[in-house]
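What follows is a group of structures, each given as structure tokens.
Look at the two complexes coming up: chain A is in both, with chain B in one and chain C in the other.
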Partner chain A sequence: MAIKTKKRVTMKDFSTPSESLAEFDPEETIDLPAPYDKIEELPGYKQMKEGTRDRLEASLDDTIAVGIPKPESKEEEEKLVEAFLRGLHNLFSKENNWTFLQPLTLSMEHCARCQTCVDDCPIYEASGKEEIYRPTFRAEVLRRLYYKYEKGGNKLFKKFQQGDIDANWTMISRLLELSYRCTLCRRCAQSCPIGVDNGLITHELRKIFSMEMGLAPKELHEKGTVQQLEVGSSTGMNKVAVMDNVEFIDEDMTDRSGIKVETKWDVEGADVLLIHNAGEFLAWPENPGCFALLLDAAGISWTLSSDLVGYDGVNYGLFYDDAQLARVAMKHLDIAKKLKVKKIVMGECGHEHKALGVIADRIFSGSIPRESAMTLMEDIVFNSNLEFDPERNDFPVTLHDPCNMARSMGIVEPQRRVLRKLAPQFREMTPHGVRNYCCGGGSGFAIMSGNNFTDWRVQVSGRKKFKQILDAFSDVDPGPETKKYVCAPCSNCKGQIRDLFEYYGATEKSGLYYGGLVELIVNSMKLLKEPFIDWEMM
Partner chain B sequence: MPTFEHGEFKVEVDEDGFITDPEIWNEELATALATTEGVDEMTEEHWKLVNYLRNYYMQFGIAPMVRKLCKETGFPLKKVYEMFPSGPAKGACKVAGLPKPTGCV
Partner chain C sequence: MSILHLLVYASALLFVIMIVVRGMRIARTPVHLRWELYPVPHEKGRADHGGSRLEQIDWWTHPIEKDHLGELKVMVPEILFLKAVKEHNPKLWFATFALHFGLYMLIGVMAVAMLGGLLQGLGVITVAAGNESAIGIIAKVFQYIFQLGCILGAVGAILMLYKRIFDSGMRLYATPSHFFNLFLMGAISISGTFWVGSDPNFATNFAGIYSALFTVSPMPELSAQALNHIGIVLLFVVYLPFTHMTHFFTKYFTYHQVRWEDSNVVGKMGDQLAAQLDQKVSWGAPHINGGGKKNWVDIATSSGKEEKN
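What follows is the complex of A and B.
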């Protein structure tokens, strides 16, 4: 790693207008192994288009995730500042933040500023320790605002003890962008000796912007949860479109596997209501196809739902807006109740797991159990009559742990037991399990690609993961002839890994491919005459 | 919003150059948009692909899955990339005037 002292950015700088507080410099990022060590051979960092800076707020780091239009007048600017301070107030009131007020307040008041957590942040490390990406930097901004505006006590004393901050539009617009430079992976929270959660702080900041000011990335809000609630899916697929696609997938799977695949819709009283991330149907159709084949072969009574929202397990509200989260979760609950299913099984989607399995627990209040597809698959592989031939998976395989499944929920062993049994060349990344690194596309980043944000997430937030993937295969032939499989049981992670491989040319240079877990299971099923995985189609 | 200007055209596009109002699409606009995608000449094969996307979009309101597009037009994915270097979603859909794909795709 290039060692260069980074420019220190103070809280005062953060509120002071300037062109930018940080810029991407490939020389300062962590090194990647060959052949990715030659910066000049990579596509570079896309600069913002001409005129963008005049239209949109972009004074954080020459990168745009949200892209808020610049206020047109001083009055508009003042209104936005007022709205932010009102939102700040609501965030710290019990009536308006019943979900997370307690852990938020604890995180505000108890951080000892020891900075233990900063070494655990893959973004801070990969960027070459860019000051503004330090997990405690963002938290410090909110903490100062909290002490200045919300916490009672002597004003002068608070200013002296906690430090001051100027709540102007420059600061607020930067803070909005900065709340989208953290993937909410919560690795920092895990390393904090007293349990301060800087990931939660980022999440709460996003809530002020979305719930109080109507400011959120359009991919998450307008094209995300809003579209999902209106049309049925964040992909824009209505009922007719999803059923048409699934019919096509069934036919395609039947052709490829030689086994009749027929997806079931709206079966009342089924044991399992399977809810996939709907992105799978469009981008990785073999994933839902393999689930259909596997569940039928194992004799499981299952169904999909064609109801509005029932065929899309995504819940982007988890990333930025509690109200949207609750609206989507309510739909999932109503549909499961209406179909009288015994349980919901959450497909290969990390944030669906956390939204439905953990956060929506209070909404579900014991009515419909939710199970992870990981344990269901483990159960099928170990306890059904199906026979498997692991030799069909005899290529190097590594496993990516989605943060929401592994760190947030502790789902670590089931997917490994399956791989240890069915993938003879399975190898772990270092570190893995609850200590994993985020793919770099967490908290919705994988679907955000406006302006130059894709460049940021493949070169900064996903850099550590890409290095980890390369290191996991360092003992095998590095060339493209040896095909290597990154098993990532999460749609969001897959989207990010696809973009990483595309940017670095990793499939052509290193033979890197990616896919889910169910595909490896079906690939080794003896019921199929031949292996199912077709590298040409991946 | 940024605008796309080419010859007689001056239309509103998003940050990635997708037209924001799919209703204004016509073949002349498609030919103009194609120039931003490194396509200097719209051949019969380009039109076959673009028209397929267009018809699918009119029916279902979204872009088709790539697998389906390949199967139903008979173009292997490699061929699609040869025709539209940024690929089916970013290239072909843009020329066909479809909105940028959304969700975890």
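What follows is the complex of A and C.
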């Protein structure tokens, strides 16, 4: 790996107009093992569409996540700068940001700029150490803005202590994009000796843009939370559509498994309200199908909800906007109360886990308890009467830890216990558990694909994960004949892994497949006459 | 009372006030949403793999067991040896370890001198270095520790300055204060070396200063080297609370109030949260349009659509 010394982008450069501050160079990124080591054999990096830079704010690097139109006049620019500064002010007020004010100010005021955190960032590393992707770079921008515009005190002394920055539109429009070049995976935060959290800082930056200026990627906002609150799901499915889909899934599952599968809707007083990421119904229907089969077989009293938002556990608000976060979480908790269930079980979706499991804890206290599907599945595998035949899973399996589940919630062991019992060729990635690498699709990236963003996310943010996956299988036949299963118990991670495998041609070249945890459990259930997993259909 | 008395009293008072004010300000910020980061070392039996109580079926039915010793096992090596830097930034480790450990040694000796001075002021002991009494020997030992601390601190400060200047990643994020802070810490160490190296009555004088401060009685006779060192230390003491170096105690909050803070809503936290949800919001995006009129509950129970009108 040859990492050339690049021109270091400074704070001053960041506020100074120029075409771009970074670009992806395949020569400088981390190497992948064969057969992915020949740059010329990979599809390359798709450039932004012609004319993009003329129309949209795209002077950060060579992709866009938000891509807002360029302001038409100086006045419009000034208005935007003012709005940003109002947002900055709100971000540091206890009325508007009690939700994160303490961790945010602690992170603002105590960073020693020692750079101990930087080498833990998979994006910074895979970019070939582009300065702007350094975990401390965007944090430093916000820090300087905070001291200059929000924190009281003598101006000269503040400059002496914290440095300076110019808040102009060039800088702000770049900052907007830059807040979508970090997956909020918080791996950097784990290594900070002082306890500063650069992932949180990115999260807070996104809030200024969304909550004050109404600027966010359309996949997260208009098509995400807004659509979810209006139609019922960020997939666009309304109640009728989702029930239709599930009926079809039930039939298909019944056919494939030979066991009657019938999803239950809106059962009052059920023990478990199961909430899936609704993306599963469309992209990976066997996942909710397997849940239905497994829970019935285990004799659990469960239900889905057909209420608005009740059938979609997605909560993109977690990634960019506290108001949207609270709205969606509120709906989930209300529905559970209405159905009088004993607990909500969060399906295989990492950010749903975090939003409902820990974040919502303090938004509306005293509500129905929430539990991870991981622990429920573990309980079924170890404590129910069901019998399993691990031999049916006798192929190489590795496990991806969704950041939100592992790093942010400490749910690490249950899924492993299941795999150790049911997958004889289970092997860990290095590192794994709470020190895992993000799939590269975190914080909403997995569903963002405008312009050439997918290229950036499979070649930069997801590269480290792809390498880790390949390394995990380095001891088995590398060819496609040996089918290898990446167990990723999270819809968003699966979306990203799908795109990674597609881009690199990993299924054809290496026999790499991916899926959830419940599929492996059902695959090994003796109740089924034959294994359930059908490689052709994956 | 001499000018030196006044300067020391004033600096110490300012330091304490500023630290208390800063600490109170942090402690009083609103209860935030949970944002813990695993591994959380007080998770009994689970910390090793980074697990939490959420790994249990029906977790809310199990008693919460906290392993406070587990927290200490993480904190002590972190504070004393800067373990995270060693693991994640090994190139920087020796420099910063020397800087910090040197400083800790000086602070340690200062604490002992303070105790000695207090006891001497109370007439319990007499601190006189060089004689064969137990106190004399202790004084000698701490004099060596001071000397060593000064050397280590000076080496650390110089190496850190070197890193700050020549490591491009560090230089880019340095502000003038970084150089000044290191310069000041280096100056403390170097002036300390001069004092301890030139003053045969170092220990007696050091404890004597505290004795004089506690009893408001005349200071021992101090050399120019001693006064030099004391002056720089006082400047540092007054300056520190206004800088990021307050990390020496705010680390308590970043760890115990954020990283490891995983409690469910208990006790008066519920009331605090209710009061916070009642606050008026002024975020201005169309889907919120708070205008300082709606509170958080209004926002959370609306769909965001009607806000636009």
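Here, the second predicted complex is superposed on the first by the 537 of 538 C-alpha atoms of A that agree within 3 Å, B and C clash if a C-alpha of one lies under 4 Å from a C-alpha of the other, contacts with A are read in each partner's own complex, and residues count from 1 in each chain.
In the analysis below, contacts are C-beta pairs under 8 Å (C-beta built on N, C-alpha and C of every residue); 3 or more make two chains touch, one makes a residue touch a chain.
Note that the coordinates shown come from a computational prediction; the quantities given were computed from them, not determined experimentally.
Superposition of the two structures on chain A shows chain C fitting alongside chain B with no clash. In the superposed model, A:P285 makes contact with chain B only, not with chain C.
In the superposition on chain A, contact is made by A:M213 with chain C only, not with chain B.
Contact with chain B, but none with chain C, is seen for A:G450 once the two complexes are overlaid on the shared chain. Once the two complexes are overlaid on the shared chain, A:V314 sits against chain B while remaining clear of chain C. In the superposed model, C is the one of chain B and chain C that contacts more residues of chain A. Contacts of A:V412 after superposition on the shared chain: chain C is touched, whereas chain B is not. In the superposed pair of complexes, A:K74 makes contact with neither chain B nor chain C. In the superposition on chain A, A:N492 makes contact with chain B only, while chain C stays out of contact range. In the superposition on chain A, contact of A:V240 is made with chain B only, not with chain C. Of the two partner chains, chain B is the only one that A:Q227 touches; chain C does not reach it.
Here the vertex is the CA centre of chain A, and the angle it makes with the centres of chain B and chain C is 160 degrees, a multiple of 10.
Note on the superposed arrangement: chain B and chain C approach each other to a least C-alpha distance of 18 Å. Under the contact criterion defined above, no residue of chain A touches both chain B in one complex and chain C in the other.
If you check the complex, the residues on chain B that touch chain A are 2, 14-16, 60-63, 65-68, 71, 99, 101-105. Chain A meets chain C in the complex at residues 5, 8, 10, 83, 86-87, 90, 93-96, 98-103, 105-107, 109-120, 131, 134, 136, 140, 157, 159-163, 186, 189-197, 200, 210-214, 221, 225-226, 229-230, 323-324, 326-327, 329-330, 343, 357-359, 361-366, 369, 371-372, 374-376, 378-379, 406-414, 433-435.
Looking at the complex, you find that chain A touches chain B at residues 49, 51-52, 55, 67, 219, 223-224, 227-228, 231, 233-238, 240-241, 244-245, 248, 252, 277-283, 285, 312, 314, 349, 446-447, 449-451, 491-492, 495, 537. Chain C makes touch with chain A in their complex at residues 26, 29-40, 43, 46, 49-60, 78, 82-85, 87-89, 92, 96, 168-170, 172-178, 180, 242-244, 246-247, 250-251, 253-255, 257-259, 262, 264-265, 269-270, 273, 276-277, 279-288, 290, 296, 299-305.
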